[in-house]
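Have a look at the structure that comes next, please.
So that you can tell them apart, the chains are marked A, B, C, D and E in the order they are listed, and the count of residues begins at 1 in each.
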Amino acid sequence: MSGDKGDSGNRRLIAEFKGYFLSALTIITVWSLTSYIVSSPALPQPFEVVIYFLIKLPELSKHVAVSLFRVVYSIILALSISIPLGLMCFKDSADRIISPFIFLLYPIPHIVLLPLIILLFGIGDASKIFLIAMILFFQILVTTRDSARNISEYYILSLKSLGASDWDVYRHVVFPASLPRILTAMRISVGTAIAVLFFAESFATTTGLGYVIMDAWSRADYKSLYAGIISMALLGFSMYIVLEIIEKRLCRWV
Amino acid sequence: TQEKKTLKIGILPIEDSLPIVVADEEKIFEKYGLDVEVVTFQSALERDSAFTSASIDGMITDPLDVILLKNSGVDVKIVSLCLGKTPSEGVFAVLASPNSQIEKPEDLAGKQVAISKNTIIEFVTDMMLRDIPIEKIEIKKIPLRMQALLDNKVDAAVLPEPLASFAESKGAKRTISDADFDKSISQTVIVMKGDVDTDTVKRFLKAYDEAVEQINSNPSKYRSKFIEIARVPQDIAEKYNMPLYPKSQKFPKEFYDRYLEWAMEKGLAKEVPYENVVEWVD
Amino acid sequence: MIEARNISKIYENGVKAIESISFEVEKGEICSIIGPSGCGKSTLLLIFSGLLEPTGGEVLIDGKIVNSVRKDVALILQDYGLFPWKTVRENIAIGLKIQKYPKDEIDNRVKFLIRKLGLEGFENSYPKHLSGGMRQRVAFARALAMKPSILLMDEPFSSLDALSRERLQNFLIKIWQETSATILLVTHNIEEAVLLGKKIVVLTERPGRVKRIVKNEGAGRVEYRYEEGFFEKCREIREIVGIED
Amino acid sequence: MSGDKGDSGNRRLIAEFKGYFLSALTIITVWSLTSYIVSSPALPQPFEVVIYFLIKLPELSKHVAVSLFRVVYSIILALSISIPLGLMCFKDSADRIISPFIFLLYPIPHIVLLPLIILLFGIGDASKIFLIAMILFFQILVTTRDSARNISEYYILSLKSLGASDWDVYRHVVFPASLPRILTAMRISVGTAIAVLFFAESFATTTGLGYVIMDAWSRADYKSLYAGIISMALLGFSMYIVLEIIEKRLCRWV
Amino acid sequence: MIEARNISKIYENGVKAIESISFEVEKGEICSIIGPSGCGKSTLLLIFSGLLEPTGGEVLIDGKIVNSVRKDVALILQDYGLFPWKTVRENIAIGLKIQKYPKDEIDNRVKFLIRKLGLEGFENSYPKHLSGGMRQRVAFARALAMKPSILLMDEPFSSLDALSRERLQNFLIKIWQETSATILLVTHNIEEAVLLGKKIVVLTERPGRVKRIVKNEGAGRVEYRYEEGFFEKCREIREIVGIED
């Protein structure tokens, strides 16, 4: 019964590492070749970018920290509202109220509501975080709701037979059963949050990776642009790794 | 003696913004009893949104933008001309792509020219290429427009400085710019919300003028700031010319009317009388 | 006392599962229910538990109409009803946790049942790593942990080998003797129905109706399985359900 | 056995319709009140917008058609590559190759690659569709992969015991088991596609709702802006409804 | 001929399920496997089917080492292994479809089995709308549809009532007599093991080892269940597994 996963675990880790190494290599090779072929300032050679990135690292890391704060804050905000709301949809009565709102409001391009958000929240960090959180909110809500709607009646019956209240059903069935899909939603939302950072960090700020990239772009400073993109990718990548660890912890039963 | 007034001024990273940044950093605004917060935006869209929602009190923009804002009910007034009194202060150029055979404006006939419609860019283009029939290609984002030009995806593009010079340094061909004309075509203006009182505006412009004086009297001191503010690409930073900043002054009606006429012709705005928009406190 | 009054169930897809079933179970009695596969036994048990609404008729417990789950009733589902995301220990404890028993009490009961049902060493395993019989024992443990005064069991020992099955039958009898819970047992095993049920309700083919109710006074004692009366009763039931000996 | 769902089906339809009606009403009321309170040109009254929308309907519908074409095309393109790729990840050997690429490439803000896309695909519809498709591609890939990784070993064993080839496993287990999550991904992607339309329709085109909205925004023409937003919401809403119908068809077993 | 040579299985989580199990099954023979819950019977069957790799030893079928699924082998999983997204008809037909049988042939076989197993009227139902026993019958039908020459069955009748169970046992005997398939049957029902298995392999507690192999020549005939030899054999097995009569 004692876990002797140590060895096979190690082997898996090495295989995974190899995978990342090889794919990073592939990406860099393809990049380098494309750059060589198109030979346009819009696509510098990877080594140039990496060197530039390393030189600018101290400065970039400050922007990374700011963006990280904004993204994490937004994700937490979005999660803390959308997950309960989405899970509630497991009940027909709640779904009949919530889901028309989703259907009507989700397909609006929320980025366009920026004037409105500025109107309501000003131009500080609040409106940046709200903008990102709002977009994530809908994405996570849609996923969580879909997953709550798909929960097998069977588990509900099983729990209810033990005298479970509605709250118990959420806690012991709806939430854990939805968890794998919620984690997928969070993975998606990392990508989206990073994409939305551009808008969010294109007004009233001179910090954050969104600003760095936009600024570099307008200055046609492509090395700096790609250094910013690499920073963003690394930021997203580390958030991904964190999610992976959380998933391994929470979904051992899968 | 006077209570401190707070003002939020929105700027874009363009050369027009330098005096305001200098006034802020050299604490000139404080000297005139103003507590000014300078807010940088990356695009005119977001800046205008902030202005519309009263998140900022003033900004530097172009007169066409003011007409459009006023037309949709935003309480805005032009308190001073910024750059553009003389043609030499012009910042727009029509550039042909590196691979094209276009040399002079006449060659543009029937060619694709990337612009941003319904903005100052289109206005300037219309003014510069009055009788030359071109095919206008809409590319809103400036960096993208330049990219499309340099990649030969369009025949020509209209760009503001310093990107126009940058594009030129990368092989694009300058066919015409507004600096080539004997009358100034495009201007920028300093605008405030309608409810900013005249005393505040006066003090703001005084501070602005003092900053202008400092810059003009010692341009080398402010050059690096200028390069940073105007986002001058590194490759051309050394050679790029700093403009001679004019002091604040009333925005002339002759300029204004050209914008209004153009906007009305295009159906972008109804009659927005000069008197309702332009103010001069002196 | 549990009373079924004329209950029928037609499912949404039009399947008529049971039709006007009426019978009574005395307080502290064990009642076995047998009938052909698909005749509506599980449906009946769900209705008794208050989890499924009948389309006709009603169930009364101690004179009160059942229209929701009662705290004093525990149900063992035919497919065990374990949660894949909970370990053996958590699956057994979940009912107690829901009813907010103190942690100590929960730990004690769970530990006791894990030992009694031979699940030691698998406390932290997830259901997918258990054998069929082990899952069934976990489900049994979960219901017993609640110390219910009414126990509804849907083929609780069907996946167990003969020996384990006998052990658990004996264990159930002991518990019943100690607590005198009222037990409704759905089983397809005639010996089991006879060993345990003081009353044996035999249902017809779908739609299930009551075919016969057989009194079986000797039931509910461990020794019964070796007595002549037991074999005779088995033969009687076998005849009723239509198996020639 | 004969389905007598007709009546209850009708009742459900009416309840749903009521839900949409009431939530639309709520949205309009909140909008109207907010507009009244903030009283800014950035948020006109809904009735003004609706009237404007109705007047401009003939013109808007042309833009709707163009955007619809671009979005649908992109979604189909993205689906047809990302779903097979994601489902393949069900195999450890494939996942070890594909998933590092996802991890490294997904968190890049793909919008920033626009210059690169233009370099490769020009400024026509091809690059617009590629941009949208690329962003959707990753979102759907992440979801499909997660869902393929979560398929119970049990079903695989069951099918393999019947002598199933790998292809059979994909067809009869991995795909149908992933379908609910793929449909969720498609719902999400409708929203994302619409959001990305802005970028896509902000260059080299004067058609499409993205252009309409961007143009209105840059002209500070808020009534027109909101009319564009409403058109987009309606576009998204109808795509949603279509997905809902597809789901009802394909996932009857849930 | 099927040959188990010293097979052992230790699961990834460290559970030792079975330990050096060796026995043989002749071509056309029915072999019953019984043993306590959790002793590794299902594990053993999975290894025989080629779906699970043993950690030690090997299985040979007709002299060839089994390391993947064979087309001539059908397996009935203990939990039925039905696909929730397929109807009864589709679930039964899936094996044939995979092996690319002509549509007519598939239709015929499926129709025949649906009738034989009493599933008429549920052709288009999804598993979640079936009773436990009905699901089990669908799984049985799916395996039979393949007309396999080797049939591995993991407690295929555990959820069936006595009457249905007897019917299906008889049906299985008939099929066996007609096709003389080799059958490995895991069951916890001693009577079933004796009725069907010419050879009865009794396993120990986990980790499962071979406790005894009992010859049972009378098996495989419908009439056997009424003969004295049957009852004696049952008693013998009961003694071996440790149940006093």
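Going forward, contacts are C-beta pairs under 8 Å (C-beta built on N, C-alpha and C of every residue); 3 or more make two chains touch, one makes a residue touch a chain.
Not measured: the values here are computed from a predicted model.
> Going by the contact rule set out at the top, which chains touch both subunit A and subunit E?
A chain counts here if it touches both subunit A and subunit E, which gives C, D.
> Suppose a student superposes the Cα atoms of subunit C on subunit E; what rotation angle should they report, nearest 5 degrees?
Fitting subunit C to subunit E on C-alpha atoms yields 180 degrees.
> Provide the C-alpha centroid distance between subunit A and subunit C, rounded to the nearest whole angstrom.
Taking the mean C-alpha position of each chain, the two centres sit 47 Å apart.
> For subunit B and subunit C, what's the span in angstrom between their mean Cα positions?
82
> Could you please state the distance in Å, as a whole number, between where the Cα atoms of subunit B are centred and where those of subunit D are centred?
So the centroids are 38 Å from each other.
> Send over the residues of subunit B in touch with two or more other chains.
As it turns out, subunit B has residues touching two or more other chains at 49, 52-54, 143, 147, 151.
> Would you give the residues of subunit A that are in contact with at least 2 other chains, written as numbers and ranges?
1, 40, 42, 115-116, 118-120, 154, 217
> Using the touch definition from the top, which residues of subunit E touch two or more other chains?
13, 15, 79, 128
> Report the residues of subunit C in contact with subunit A in the complex, numbered from low to high.
Answer in residue numbers: 46, 49, 51, 69-71, 73-75, 77, 79, 81-86, 94-95, 98-99, 121-122, 126, 128, 142, 146.
> In their complex, what parts of subunit B are in touch with subunit D?
By the definition above, subunit B touches subunit D via 44-45, 48-49, 52-54, 65, 68-69, 71-74, 114, 116-119, 137-141, 143-145, 147-148, 151, 153-154, 268.
> For subunit A, which residues are in contact with subunit C within the complex?
It comes out as residues 1, 154-155, 157-165, 168, 172-173, 176-177, 179, 251-253.
> For the complex, which residues does subunit B have touching subunit A?
Where subunit B meets subunit A, its residues are 10, 13, 39-43, 46-47, 49-50, 52-56, 142-143, 146-147, 150-151, 163, 166, 170, 231-234.
> Quick one: which bits of subunit E touch subunit C in the complex? Just the residue numbers, please.
Those residues of subunit E that touch subunit C are 11, 13, 15, 34-38, 41-42, 78-79, 118, 125, 129-134, 136-137, 155, 158-166, 188-190, 226, 238, 241-243, 245.
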